[in-house]
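Below, each structure is written out as structure tokens.
Heads up, the next two complexes both have subunit A, just with different partners, subunit B and then subunit C.
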Partner chain A sequence: MTLQDCYTALGGDYADVSARLRSDRLVRKFVLKFLEDKSCDLLRTSMAEKNYEEAFRAAHTIKGVCQNLSFTRLGESSSRLSDALRHGWTPEADGLAQQVEADYLVTAEAIRAYQEAEE
Partner chain B sequence: MRNRIAHFLTASLITVSIFCVIVFAALGLYLNKKNSATINQVGTIYMASMNERISKHFETMTDLRLAQIRTLAETIPAAKRNDAAALKTWLTESAQARGFDSLSYYYEDGSMEVLYGGGGQFLDSEPFAASLKEGEDKVYVGRNPAGDLVVLMGVPFRMELPNGRICAALVGELPVSYISDTLSLEDEDSLVYSFVIRKDGSFVIRSFDAFRNSYFERVLAIYEELDGKEPEDYLAEIKAAIASGEDYSTIFRMYGDRRHLYCSSLPNSEWYLVTVMPYGVLNEAVEDMGVQSLAAAMCCCAAILLVLLAVFLKYFRMNREQMTELEEARREAEEASRSKSEFLSNMSHDIRTPMNAIVGMTAIASANINDSQQVQNCLKKITLSSKHLLGLINDVLDMSKIESGKMTLNTELISLREIMDSIVSIVQPQVKAKNQRFNVFIYDISSENVRGDSVRLNQIMLNLLSNAIKFTPEGGSIELALHEEKSPKGDDRVRIRIRVKDTGIGMSEEFRKHIFESFTREDSKRVHKIEGTGLGMAITKYIVDAMGGEITVASQQGKGTEFQVVLDLERAEEREEDMILPDWTMLVVDDDQQLCESTVASLKSIGIRAEWTLDGESAVKMVTQHHKIHNDYHVILLDWKLPGMDGVKTARELRRQLGDDVPILLMSAYDWSEIEEEARDAGISGFLAKPLFRSTLFYGLLPYTGGEEETEREKKPAADLSGRRLLVAEDNELNWEISRELLGSMGLELEWAENGQICLDMFQQSPSGYYDAILMDIRMPVMNGYEAADAIRALDRPDAGLPIVAMTADAFSEDIQRCLEHGMNAHVAKPVDIKELAAVLERYL
Partner chain C sequence: MRAGKQVIFIFSDHSSKLKILIVDDSEMNRSILADMLGDEYEIMEAQNGAEALAILQKHSLEIALVLLDVVMPQMDGFGVLSVMNQKQWIEEIPVIMISAESSSSQVERAYELGVTDFIARLFDALIVHRRVVNTILLYAKQKRLVGIVADQIYEKERTSSLMVNILSHIVEFRNGESGRHIIHVRTLTELLLRQLLQITNRYPLSEMEISLITTASALHDIGKIAIDEKILNKPGRLTEEECAHMKTHSLVGAEMLARLPAYQDEPLIRTACEICRWHHERYDGHGYPDGLKGDEIPISAQIVALADVYDALTSERVYKPAFTHEKALEMIQDGKCGAFSPLLLECLRQVAPTLQEELKKAINQADKYAVRNMTQELLRHEELVASERSLRLLDRERMKYNFFAAVAEEIQFEYSPEPAMLTLSAWGARRLGLNEVIMDPEHDLQLSQILGPDVWRELSKALHSTTPERPVVNYECPFSCSGEVRWYRIVTQALWSGDEPPQYMGAIGKAMDIHDSHMKLTDLEKRASHDSLTGLLNHASAQERIRQRMADDPDGHYALVMLDLDRFKSANDNFGHIFGDRILQYVARKLKNSTRGGDIVARVGGDEFLIFLEYDQDVEPIIRRIFNTLNGEYEGFSISISMGVARTTVAGEDYTALFHAADQALYAVKRSGRRQYLFYDSSMKQMLSAISPIDSETEGKQGGDNK
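For the complex of A and B:
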């Protein structure tokens, strides 16, 4: 499984990220590093605690990371969520948070698959 | 409304006028009355003193006469007392000598014996008898045998006469005329005239025109009613005054003339003196004065009324003007609201059209969910419609921003080349879709970089161009030209002239006048099929105005339209980059002479000599000539669209002549991807995108100078930044690592702050000048980017003004604006693009 396959699996834009980061080494490093990122946990707990301010920041951070890594699918759902939470809770926020959760799982799954294939 | 006000004004004017007249008339009358009261008072005083004088005079005269008679009685010689005849003679002689008309004895029984003369009899002997008892000397009225009134003067004197009878008094007689003459009661020249009457009203002295026997009859006969007083009233008053012996004064009217009456009792008698003064002359003077004062009052009144009228008229006129203005404003407001509602209905039509497409296409797509071809087709159409809808909404938002005065202009560095390049790339697909000819020209660009609002400048050009494309039928041509010239606003500015010309349907003269107003679109069948909000030109005009520029339009129906925008923008200091190329000779081939000349001038400024020609045929000739004398051009620039032989054909011909050595570049404002293959086949070495700025030429030609120089230049910007130290505030570790990796590759040293507070602390603890710039994420825990920037800017350090660049995943213009408001210098959107960030940093470091 190549990086490109991994990007296809997680719904990202490989061409974009490799143009920006310029080397597969860096892309690989950061993609693997994504698994360690705690933003999604933060989002999950803050949503559960109804701390929507913190949840907004978490969604926003996920969006930023995804933009940096060109994870298009997760980036889009987190972007929509951050828009929905920008001024506090809105009715669509819960649904969008589930979507982000789902997209995150797909993304993390794809990266793990890539990691295993490499090993 | 206007009529009501006019009516009100007229009515109040009339009311005020009438009121004025009444007040002034009353004032005049009052003064008159006061005057005549004063005159009366003066008259009374005058008459009183007059009466007193006459009374005194009368008293003196009667005293004298009475004394004469008394002396006469007392000085009767004793010798004659007993001789009746002698006594009579002596008395008669003595009395005659003193001027008495007659003298009589008055006996105790009331009979009288006449000594000489006619001998008047008392008209009423009772008062005499009464005063006789009191021993008083008095004068009385009597009647002589001739029937004339006479004055009788009785002096009580008791004496036994020789005949044995007792004489009680001596009575002397004087004619009435004696008294009236002495008192000068009938002086013709005198203002006043007087009567003497008895208590019963009968005349003693009748002067003037009195002919009746009693003054009371005269009162009743000739007094006229005055101030509600009837002659009877006067009479009663006079009688009462006489009875109580008081003085009496009044005003009355006689023969239509006001007169003053004064009555007082006369001493030494039972008589009354009645004095009358006709006001005649006095009255005239007084009345004259009255008339004059009334006239004066009326004049004042008229003057005040005139002023009042003037004020009213002025006010009325002002009111009228105001009403007209109001009317005008109302009309304008109605017009505006009408055009807004028209706009709304147009808008809803315009919005409904793409909405319908979206709804319909969605339905079709759902119905054919398994036919991916169909779904794709539908999605494509939905995308197009959505984009169109978004455009509409953006326009409306822009316009509402403009109308509420919220649109502001930024000042930032603008590269005209970048703007033109981006516009050309945006416009190209549209032009291609409509199969239109598109050309871009730039002339005399002396300053490629200017300062201004690049987004709005872009908007101006895009609005003009998209209109041109919209209203130009297929096969038409569109031209965009950019000139620079000296600005009249000073040397630090440059005048930019943007011209957008098309061969479209043009517009009517009528519409041309309204083109820059909001919500207007030419209302004719020709444009109904073309969608749009009618806001584009109003927005454009507003932006141009806000930039202090000018926009003009010339158009002819059926021929085309030409817009010109003139802006005076600040020159940006040119980066001191010596753009110098080798000493080449070049050939420029383009059918536009001005463009050729401008390009040749630009080439000269980067060190290249160039020649130009207008068509492919002559280009071939010139190249052949140069080739023959072994002095080939180093590079040849060919326009793609040339009259006659086009660029590609010319290139083929040139290659045939020259071989492969000389680079031939094709310049075009079009997307050349379609003809690239054909062009390369024909021997074209490369492409240059129009417009040809100095930098476009420089960087376009640079690759043909030999490889080394190029790589050196590529590296150069990165080298500029090496060794600089940046503080990166970023809460996410992954993002931080990516930034470090990317920026580190440029030679930058980076330090990480996990949130705004840490960033602030690190900056505070660092020595001054340690960090060259800060990259600031906005959404951070503990302290966000805005607060951190505020805090840093508020620090009292020499380097508190260091460049702070915001990095955020939000690219809303409001967010960018907010960053700038919080003192940050610039904003870059995530994901961080290394080139963009480098450019921004380079600008501030």
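For the complex of A and C:
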């Protein structure tokens, strides 16, 4: 499994990220590092605790990381969620949070598959 | 440009990397940026605004650039920017904002707060890199680093002047010329140059170049070092061979300078080379070594040549006497000594009347000459040099402060009100288990847990009511940290601005652990204010506290209760004083237990006690409860209590009147059969005091502990 395949599986734009970071080594390093990012956990617990300010920051962080890595699919849902939470809870926030969660699982799954294929 | 070159010089010369501070709450984003820039810069990281401020506070002088995220916990990017504005760091440290946001209002606000650039979150390694480098270079030229550059120019100019002086003195020494030759040539060169600029635009020379040519003129004969001393100092005419040898000095001098390895790019050295090589060229093309003609000869060499000839003619040499000023002028104008540009000859004519005087002045000022060069240089950069120096001084002060703070093992602090920020010394922060920088300390949970709820407000009130003349506040309070309560004395000084009226700028101070001495003091105080038998307050201190309580809150409802034990005398008589004492101690304990912490309980004397309490609506249930608790039995002795109660609503708020009223109520109880309580009302006004009969009841027991 190549990085390219991994990007296809998680709904990202490999061409874009490799053009920006200019090195497969860097792309690989940060893609693997994505698994360590705790923002999704933070998002989940903050939503459960109805701490929407914290949830907004978590969504916003996910969005930023996705933009950096060109994770298009997760980037779009987290972007919509952060817009929905910017000024506190809105009715569509719960549904969007579930979407982010689902996209995150797909993304993490694809990266793990890539990691295992590499080993 | 010279300054630009110096900047590059600094960059390549200092092996230490410039520092970049990356502020982002996502570890991943920080590490992407660090990866892009880490090769060339030293990276410092902060994961929120408060951390960033703590780093800036410590390293503001070293940080060349801040990369700042917008959305972060604790304090966001705009918060950091506003503090950077407050502290005027923004003027010295460029900030590039990095954000997933790109709404124009945000971008606009960021620019208003002084950011230099805005990069959207889509990191492109090349773009980030280029923008960082550009921003740092831009600031390096425009801002604080220019101060360093100015210092370096000053330093180099000074060393060059020194070098020029040393070299030219060697030449003079070997030539056996008077030291005046160098000064004369230099003075003439400058006079002629300035005159030349007045009469023509043909040679566009800057101040800097004038100063360079003037300084470099001292080196015109440096090649003579290589000429045999015998020839140099030979009286009378030189042979043709000797003359040819002598003529090599111009070329030799130029080559010597060109070979100086460390100064290759120095404008001073380049100018000196021109002068050395060509100061024996002639305007008509018949000079040496290159036979240049007209303005092929650099203007610097043309002028020094004229100055050299004039001074040679008017000075005494081993081979000739000194000609007069007028004779020398005549010989030069007639072309008997060299060939010069008509423009230069015109200049000489124009400066001639004041020339002798100027040369005399120059000799007198010789010592100051070098200084003048430096001063010119300094004047141009004065402000920057000053600011750089004062920054360094400040930095040193801060180092000193940090050092002493660390050694003193004290809790030191600094508070600035806008934005509200408390900075603790490193040791102090560790001692209290707090962060070194606390934003909005008034509402900081951790801090208020240590200080208690009111301390901050009270301190702040006390500081605000100081004056610039008397700015110090002393304050003692307990700190509770890591499960332990210890007393501290806070000594703090308000900082007032020099404005009229003075503005409150914050405060500095320290907190000292005075727990041990405080405990000793409170113990002494306790002994003085408490009854030794029962541990309750004595009458005097109770009275003081009651007055204070009523003064603090005159609108409260208070009741003063006087009580005594019925027929206590019989306990003393029948069971002895020791047993009597134990009864009093027992009653005191019961009293303590049946009242609330805020109530004041005291032993007035003998078997008389006092309670002072505050109540909301009806005091009667409270009194009844206390009364019921106290009545009972102690080791076979039946305890019976009489109580008189006076309320401030009825008896007023004067302590003496209130005490008297309670006393009268107690007397009324005694008269109507004991073991009950009564509230004072105006019908009791005429009654006698209860104190007297009680006193008489205990008469004859002098020396008893319970007296």
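To be clear about the criterion, the second predicted complex is superposed on the first by the 119 of 119 C-alpha atoms of A that agree within 3 Å, B and C clash if a C-alpha of one lies under 4 Å from a C-alpha of the other, contacts with A are read in each partner's own complex, and residues count from 1 in each chain.
Throughout what follows, a residue touches a chain if its C-beta (ideal position, glycine included) is under 8 Å from a C-beta of that chain, and two chains touch if they have at least 3 such contacts.
Since this is a predicted model, take the numbers as computed values, not measurements.
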item	value
Partner chain(s) touched by A:33 [first = subunit B, second = subunit C, both, neither]	both
First, second, both or neither for A:73, with subunit B first and subunit C second	neither
Residues of subunit A at both interfaces, subunit B in one complex, subunit C in the other	20-22, 26, 30, 33-34, 36-37, 39, 54, 56-57, 60-61, 63-65, 67-68, 79
Subunit B-touching residues of subunit A, taken from the complex the two chains share	20-22, 26, 30, 33-34, 36-37, 39, 54, 56-57, 60-61, 63-65, 67-70, 79, 82
Contact set on subunit B toward subunit A in their complex	731-735, 737-738, 741-742, 745, 777, 779-781, 808-809, 830-834
Subunit C residues within the subunit A interface of the complex	25-29, 31-32, 35, 69, 71-73, 99-100, 121-126
Sites on subunit A touched by subunit C in the complex	19-23, 26, 29-30, 33-34, 36-37, 39, 54, 56-57, 60-61, 63-65, 67-68, 79
